[in-house]
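Each chain gets a letter, A, B, C, D and E, in the order it is written, and its residues are counted from 1.
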Amino acid sequence: MAKTRLSRNRPRTTPLARAKPRVTLIDYNVSAFTEREVANPAECLPYRQADSVTWINVDGIGHPQLIHELAQVMGFHALTVEDMLNTDQRPKAEDYGEYIYVVAKMLDLNPHGEITIEQLSLVIGSNYVISIQEDPSDPFEPVRDRIRHAAGRIRAMGSDYLATRLLGVLVDRAFAVTDRLGERIEELDDLVAGRERPEELRAMYQTKREIIYLRKAVTPLREVVAALWHTESALIHDSTVPYLRDLYDHVVQAAERVDTSRDLLSSVQDLYLTRVSNRTNTVMKIIAVFSSVFMPLTFITGIFGMNFEFMPLIPKPWGFAISALSMLAIVGAMLWYFRRKRWL
Amino acid sequence: MAKTRLSRNRPRTTPLARAKPRVTLIDYNVSAFTEREVANPAECLPYRQADSVTWINVDGIGHPQLIHELAQVMGFHALTVEDMLNTDQRPKAEDYGEYIYVVAKMLDLNPHGEITIEQLSLVIGSNYVISIQEDPSDPFEPVRDRIRHAAGRIRAMGSDYLATRLLGVLVDRAFAVTDRLGERIEELDDLVAGRERPEELRAMYQTKREIIYLRKAVTPLREVVAALWHTESALIHDSTVPYLRDLYDHVVQAAERVDTSRDLLSSVQDLYLTRVSNRTNTVMKIIAVFSSVFMPLTFITGIFGMNFEFMPLIPKPWGFAISALSMLAIVGAMLWYFRRKRWL
Amino acid sequence: MAKTRLSRNRPRTTPLARAKPRVTLIDYNVSAFTEREVANPAECLPYRQADSVTWINVDGIGHPQLIHELAQVMGFHALTVEDMLNTDQRPKAEDYGEYIYVVAKMLDLNPHGEITIEQLSLVIGSNYVISIQEDPSDPFEPVRDRIRHAAGRIRAMGSDYLATRLLGVLVDRAFAVTDRLGERIEELDDLVAGRERPEELRAMYQTKREIIYLRKAVTPLREVVAALWHTESALIHDSTVPYLRDLYDHVVQAAERVDTSRDLLSSVQDLYLTRVSNRTNTVMKIIAVFSSVFMPLTFITGIFGMNFEFMPLIPKPWGFAISALSMLAIVGAMLWYFRRKRWL
Amino acid sequence: MAKTRLSRNRPRTTPLARAKPRVTLIDYNVSAFTEREVANPAECLPYRQADSVTWINVDGIGHPQLIHELAQVMGFHALTVEDMLNTDQRPKAEDYGEYIYVVAKMLDLNPHGEITIEQLSLVIGSNYVISIQEDPSDPFEPVRDRIRHAAGRIRAMGSDYLATRLLGVLVDRAFAVTDRLGERIEELDDLVAGRERPEELRAMYQTKREIIYLRKAVTPLREVVAALWHTESALIHDSTVPYLRDLYDHVVQAAERVDTSRDLLSSVQDLYLTRVSNRTNTVMKIIAVFSSVFMPLTFITGIFGMNFEFMPLIPKPWGFAISALSMLAIVGAMLWYFRRKRWL
Amino acid sequence: MAKTRLSRNRPRTTPLARAKPRVTLIDYNVSAFTEREVANPAECLPYRQADSVTWINVDGIGHPQLIHELAQVMGFHALTVEDMLNTDQRPKAEDYGEYIYVVAKMLDLNPHGEITIEQLSLVIGSNYVISIQEDPSDPFEPVRDRIRHAAGRIRAMGSDYLATRLLGVLVDRAFAVTDRLGERIEELDDLVAGRERPEELRAMYQTKREIIYLRKAVTPLREVVAALWHTESALIHDSTVPYLRDLYDHVVQAAERVDTSRDLLSSVQDLYLTRVSNRTNTVMKIIAVFSSVFMPLTFITGIFGMNFEFMPLIPKPWGFAISALSMLAIVGAMLWYFRRKRWL
C-alpha cells in the first residue's frame, strides 16, 4: 500500500477514474424533497439562489471538464477548481466569502482489508453543499436516507448542518479504519510473541508506513474542523456550532487513536527487536556449550589417535579407561559451569 | 490488558454492564439530608430546581433507556446523552450554559492488580450533580460519608464543590495506580538486574502499553480541570476556585508521575537491552577462547595421526614429548593473549 | 552530494559562477510588452518609477560589481546587497519599506538526477521585481511565456503577483524534487527487501543527508510566504492575497512531503537494520546446527580412532555398526530438537 | 537512590522525621535583631503584624500537630497546611492574597555522595517568612549569619528579599549537585573508555534515573521564580525584582545543566553500546580467523589419517612433505585474505 | 575538550587568567579619535558623560578588584559585577535602565584546532560600550581598525552600533567554528566509510559532546539579539535596528548550522553502527561457510580413521575414491546452497 500512497501525486489514469462521473442532486426543505441525476451542470443554476437546501454530489473527478462547468455555474474561484482537481491537497478550510471550501481525506477499507485514502472536496454555500469525491464509491447513502425520510433534524437545518453531517460520515469511517488498525497491531503482537517469520516483519513496516499516511490524512482535519467551528463566516449558523464542537471531539479522538496506534506499533517493534536479540543470544549459548564440551573431548581423542611409536598409556590395559574418565571429568566440569551460569 | 484497551471501542455486552443500573439520590443543604434509591428517573424532576444540592449517581450504563429518560427529565442536550453512552470519549469539559458536562477517566486496580480504565460522566448544574459511572463499582462512598456526617465544609458548599470532590476521588485513585506502576517498574528493575526470562520481557512491554493508555487517560484531565478553574460560567463559584486550583495541582502531579514512569521504564528497557548485548559478548568470548585454544591443538594431534609411512618424529622416542610441549606452548600463548586482552 | 552541501558556505569559484551574469529585462502592462538584455545596470534606472511592471532577472552572481551597480541604481540598502551576494542565507522575507526583500532556495535535479540547491533573491518593489539567481540555469521561461503571450491574468496584475508566480515556479520544482525523492525511497525499499549490498547502505545515508538539507531549504519558506501573505505592506495588494494563500498551501504541502520522506526513509532504515539482525540470527542458527550435529559425531569417530591396544568394540565384528547407529541416533536427536525449536 | 525516590510518596516514619521539629524565630529590622527558639506556636502571634521582619524556620514535619497550630496562629488556608505536610508536591508558587505560598525542592548530597531531594515550603507574608523543611538538616545558617552581622543589605530589605535569599541558597545547592553529577559522568566516561564491567553499567543507569528525578525537581522551579518575578502581588517590592531576575537566571542555568548532563550521559551510553558492538565484532573476527585457518588444516590431516588400505601418497617418501606444503599454502592464502580484509 | 567544559564552573587559576588584565580605551566621534591604555579605572570617569562614544575593553577577568573599581566608576549594579566575574553565565540581555548588560559566548579555535568557549560581557550605555573578555586573546582588532581609519559608518553611529559590530565579530567567529565542525564531520564520514578504528569512534563522540556545548553557547544568543532588536530601551536607536535584524539573521543561521551538524553527525553515527552490524554479519557468514563445509568433511575423514577391525570400504581398492567423491559432493552441495543464498 505504501507504494500506492507514494505514487499518488502522479497522474492517475485508472479506467474507473476516467469513467464519466455521476452527478446527483438532492433539494430539500422541511416540507419538500427532490432527488435526481444531473446530466448537464447547467441544470444546477436555478438552485444557486433557491430557498431550499441543495446538495450536489459528484462521484469521481475523471472528467475535469465537468468540474469546470459546474464551477462556472456555481461561481467558484479559479483556485478552488484547481484544488478540486488536484487530489494531492492536504486537508484545509478556506473562506472565499460567498462559500467555504473544505478539503478532507476520506479513509476507507477496500475489499482486501487494505486502507485507501480518497479526497473529498466540500463547498459550503449559504443554501447549497457541493461534495466532490475522488472515486465513485459512495459512503453518503445513510445521510441521503435521513434526508429522504426526514429523520432527525436534518431537513430542518441549513447547508452548514448538512456539511457537518457529511464530515461526520468521514470521521466515522476513520474510526472504522483505526479499529482495523488496532486489530492488525494485535495480530502483529500475537505473531511477534510466536515464531518470527519474514512476512510478519514486512507487515510490521507496512503498517508503520500506513500510519504515516493516516496521520497526514487525519491530523490536519483537526484544524479544519476547528476553523469551521470558530469561523466568523455567516455561512455557519450558531445552531450548528454544537455539532461542529462534537465533530471536533470526534476528529481529535480519531487523531489520538492514530497516535496511540503508532505508539503501540513502536512498542511491538521494540519487542520484536528484543526477541531477535534474545534469540541470537540463545543460539550463541548452544554453540558455546557444544564448542566448549566437544572441542576438548575431540582434542583428547586426537592425542590418543597420534601414531608415535613411543606413547604413554597406549599400550596399557587401563589406558582407554583413563582417557574415558578424563573425558567424563571434562564434560562434568563444563556442565557444572554452564549450570552455574544458568545456561542449562 | 493492552488488548482490553484496544478493543474497548467495540460494543461491550458483559453481563455486569447489562445489569440494570442502580440510581441513588442524595439531597442536602447545611441543615437537611435525604438519601434514597431512584426507581424511575421521573422522581428526579422536583430536584431540578430545588434550593438544596442534589447528587444523582448512576452506576452502570447498560440500560441506555434509563439514561435517555434521566436526560429528558433534567433537560440535557442530545449530544450530551450520546457522549454519556459512548465510553470511548476522551476527557473534556463542555459548557452547555445551563450545565457543564465533564468526561473523565477513572483509573483503578482490579483484584488481580491489573489497571482498569472506566469512564465517568459528570453533569454540574446550578444545584445538582449527576455522576454516571461505566461499571457498578462505586468509589464515591467516602464522599457520601462526609455528606451524611456533615464532615468538613461539604454540606455548606454548592454543587460545584461536590463535583470538585468527586474529581478529587478520581485523582486519588490515579495516584494509587501510579504507585502500583512505580512498584511494578521497581520489580522489573530487580528482575532485569538478575537473570533474564521471557516472562519479564513480556511484562516490560505490557507495562509500556499500559503507560500509553494511562497517559491518554490522565494527561487531558489537566486541560479539563484547568477549563473548570478558569471558566467564566456562573456555575463555578469563587469559593470553589482554590479547591479547583488544588485539584489542578494534583492532576498535574499525577500526569507527571505517569511521565516519570515512562522515563524510568524506558531506562529499565535500555538496561535490559544493554545486558543482552553484554551477555552475547561474553558468550562469544567463551567460544573464541575454546576455538582458539583447541583448534590448533587438535590440528597438531591430527598431524601426528596421519598414516604416512615416512613421517618425521613418529618413530623417535622423544616424539610424543615434543608434540606435547608444542601443544603446551600454544595453550600458554593463547592464555597469555586472552589475559592481556582481559577476557579471562 | 552531502559534501557539496557542507562546503557550500566556502567561496565557490567554479567557472560557471565566474561567467559574466546575463541580465534580462521585461517590461509590461496590460497592453504593452518589451523584452531585452541589459548590458549596463544604469539602463534600468528609467524603470524604477515607471507605470508598467518591470522584471529584471540576473542569472548568476559571479560578478559582485554588477550586483552592486544594480543595487545603487535601484536604491537598495547595503545589507540587501550583502545578502544577495552571500549564497548561504536562510529563506527570509524582509520589509525595507520601499521594497520587500525575499530569499528562497530553489531546488532542482541536475542531469545526473542529483538534487541541487540554489539561492534565489527577489526584490519586490511597487512596480518592479528583481530576481537574482545563483547559477545561470533559468527555470522562469514558462512565466516569461505567459507574459509574452498575455496568458491568464499576469499582464493585468502588479509586481506582487509576478513575484508570487516566480515563487510558485520554485515550489513546483520542489514538488518535482520530492517526487524524485519518493521514487528513490521506493527504490531503496525494494533494494532492502532484496539482498543487501554496501552501495545501498551508502545510498540510504546519502538520501538521509539530502533530506536534512532539503528540510533546511523548504521548511523556512513557510514562514516567508506566510509573512508575505499577512504583511501590512502596501506593496502586496488584496487581489494577490488569494494567490499567496494558495502558494502557502503548496509550500506547506512540499514541507510535509519532505517530512513524510524522512519518516518513510527512517522506516526503511529500521527495516534494513532489522533484516540485518534477522540475517545474523539465521546465520547463527546454521552454525549452531552444524556445530551441534557434527561436533558429537566427530568426537565419536575420534574415540574409535584412538590407538589404545586394549579398547572395547574395536575388535568386535559388529563394532562399526554400533558406532554408526549411535551416530545416527545423535543426528536424529539433534534434528528432532531443531525441528521442535522450528529452526529447520 | 532511584528506589528511595519512587517510594517517597508513601508515608515515611523514619525516627528522624518523627523527632519533635525545632522551631527557630529571627526578628530583625535595620537597627534591632532578636533570635530565639519557639516552644509553642502561639508565641509567634505577636510577630504576625509587627513592623520588623520575622523569619520562622521549622526543621522537620514529623509533628503535623505543630504545623497545624502554627498555621492557625498565622492564619493559613487549610489547603496550604495540607500541601506543607504532603512532601510529594511539585514546585509551585500560589498567591493566597495575604501571603504567597512557595513549594520548592532542596537538592543535597548526603555523606555518601548520593543525591537527596527534600521539600521546602516558604510562606511569604508582608512582614514575615515561614520556612518549613522536611528534614532537620539546616542549610540556611549562612543567611542567618548575614542577618546576625547585618552583612550586606539584608537587614534593610523586607520579607520578600529574605525569601529570595533562601531560594538562592537552594539554587546554590542545586549547582553543587549538578557539579557532582558532572564529575560522575566524567568518571563514567573514563570507565567506558577502559574495560567494561557490570558495575559501571549499573552506575550508568542509576545516574540516568537520578537525572530523571533531578529534572522533575529543578525544571518547574523556573516557573515558580518567574511567577514571583512577574507577580502583581504587593508582597513583592520593586526593589526585590532585580534579585528575583538574578535568581531566575540561576535557576535557568541549573535546569540547563541538568539537561546538559542528560545529553552527555546519553552520549556516554551510546559510546558504551557502540564499544560493546565493536568488541563483539572483534571477537567474531578472532573466531573466524581460527576457524578458517584450522578447519581446512584439520581436514587435511583427517584425510591422511584415514585407514584405507589403498591410498594415494601414503606410502610415498615425499607424502608428508606434500601434505605439509599444501597446509602451508592454505595458511598463507587465508592470512593473505585476512590481511587484505584488514582484519590482521 | 568535553572535560574542560564540564569543569568550567569551578574556579580557574591558570597563570594567564591571573595576569593583570589589559584595559584599552578608544574614544571617538565623527571627527576625533583617541586611543590609549588605562592603568587606573578612575581614568574612565570623564568619559561616562562625554559627547563622544567611548569603548573600554578589558582583556581578562583575573583581577576581580579591577572589575569592581571599573564598575564603581561607571555606576553598575552589584548584580552586573557578579555576573561579569562568573564565567559560567548563559547568554542573556538585561536592561538596567541606564545601561543594557549583555552576556554572550565567544567561540574560537585554538592553535590545535580545538573549539574553545570564552565569555564576553558587554555593557551598552548611552555613549559608551564596555567589553569584558575572559581571556586576553583579542578578536576585536578589525573593529578597532575600522574606527581608527573611519571606515564605513562606524564613526558616525552611536554606542549601540558599536555593540552590534562587536557581537557581529562574535557571530563571524561562530561561523568559522561551525565550518571547522562541518569539515570534521566530513572527515569522520570518510573515516567511517573506510576501515573503522578505535580513535575514530572516540573522535565521533568527542565531536558529539562539543556540539552539545556549542548549542548551549549559540542557541540562547538568538533570544539575546532578538531582545536587543525589539527592546523599547532608548539606548538602541532606530538606525541601528536594521543591523540588529541582520545580526539576528546571522545568529539564527549559526544556530541552524550547529543543529545541522548535529543531524549530520547523528547520521554518520547511524552509518557507523550499521556498518558494524553489517561487518559482524559478514564475519558470521565466513564462519558459517567454513563450519558447514569442513565439519562434515572432517567427520567423514574421522569415520574412515576409526580403527575397527571390521569396517566397510576400508580394504576395498576403490574405498578412498568413494570417500573422496562423497566429500566433493558435500562441498558442491554446500557451495550451491550458499550461492543460492547469495553469500558467495
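General observations
The working rule: a contact is a pair of C-beta atoms (placed from the backbone, for glycine too) under 8 Å apart; a residue touches a chain by one contact, two chains touch by 3 or more.
Since we're looking at a predicted model, the values are computed, not measured.
Within the contact network of the assembly, the step distance from subunit C to subunit D comes to 2. The fewest steps needed to get from subunit B to subunit C, moving only between touching chains, is 2. Taking the mean of the C-alpha atoms as each chain's centre, subunit C and subunit E sit 26 Å apart.
Inter-chain centre distance (subunit A to subunit E, centres taken as mean C-alpha positions): 42 Å. Under the contact definition stated at the top, the residues of subunit B that touch 2 or more other chains are 277, 280, 284, 287, 291, 295, 298, 302, 305-307, 311. Chain contacts here close into one cycle, and each chain has exactly two touching partners. Around the closed ring of chain contacts, the path that opens at subunit B and continues to subunit D reads B, D, E, C, A. For subunit D in complex with subunit E, the touching residues are 175, 179, 182-183, 185-186, 189, 193, 242-243, 245-246, 249, 252-253, 256, 260, 263-264, 267-268, 270-271, 274-275, 277-278, 280-281, 284-285, 287-288, 291-292, 295-296, 298-299, 302-303, 305-312, 342. Contact residues of subunit B toward subunit A in the complex are 2-3, 6-7, 9-10, 77, 79, 82-83, 88-90, 92, 94, 195-196, 198, 201-202, 205, 208-209, 212-213, 216, 269, 272-273, 276-277, 279-280, 283-284, 286-287, 290-291, 293-295, 297-298, 300-302, 304-307, 311, 313-317, 319-320, 323.
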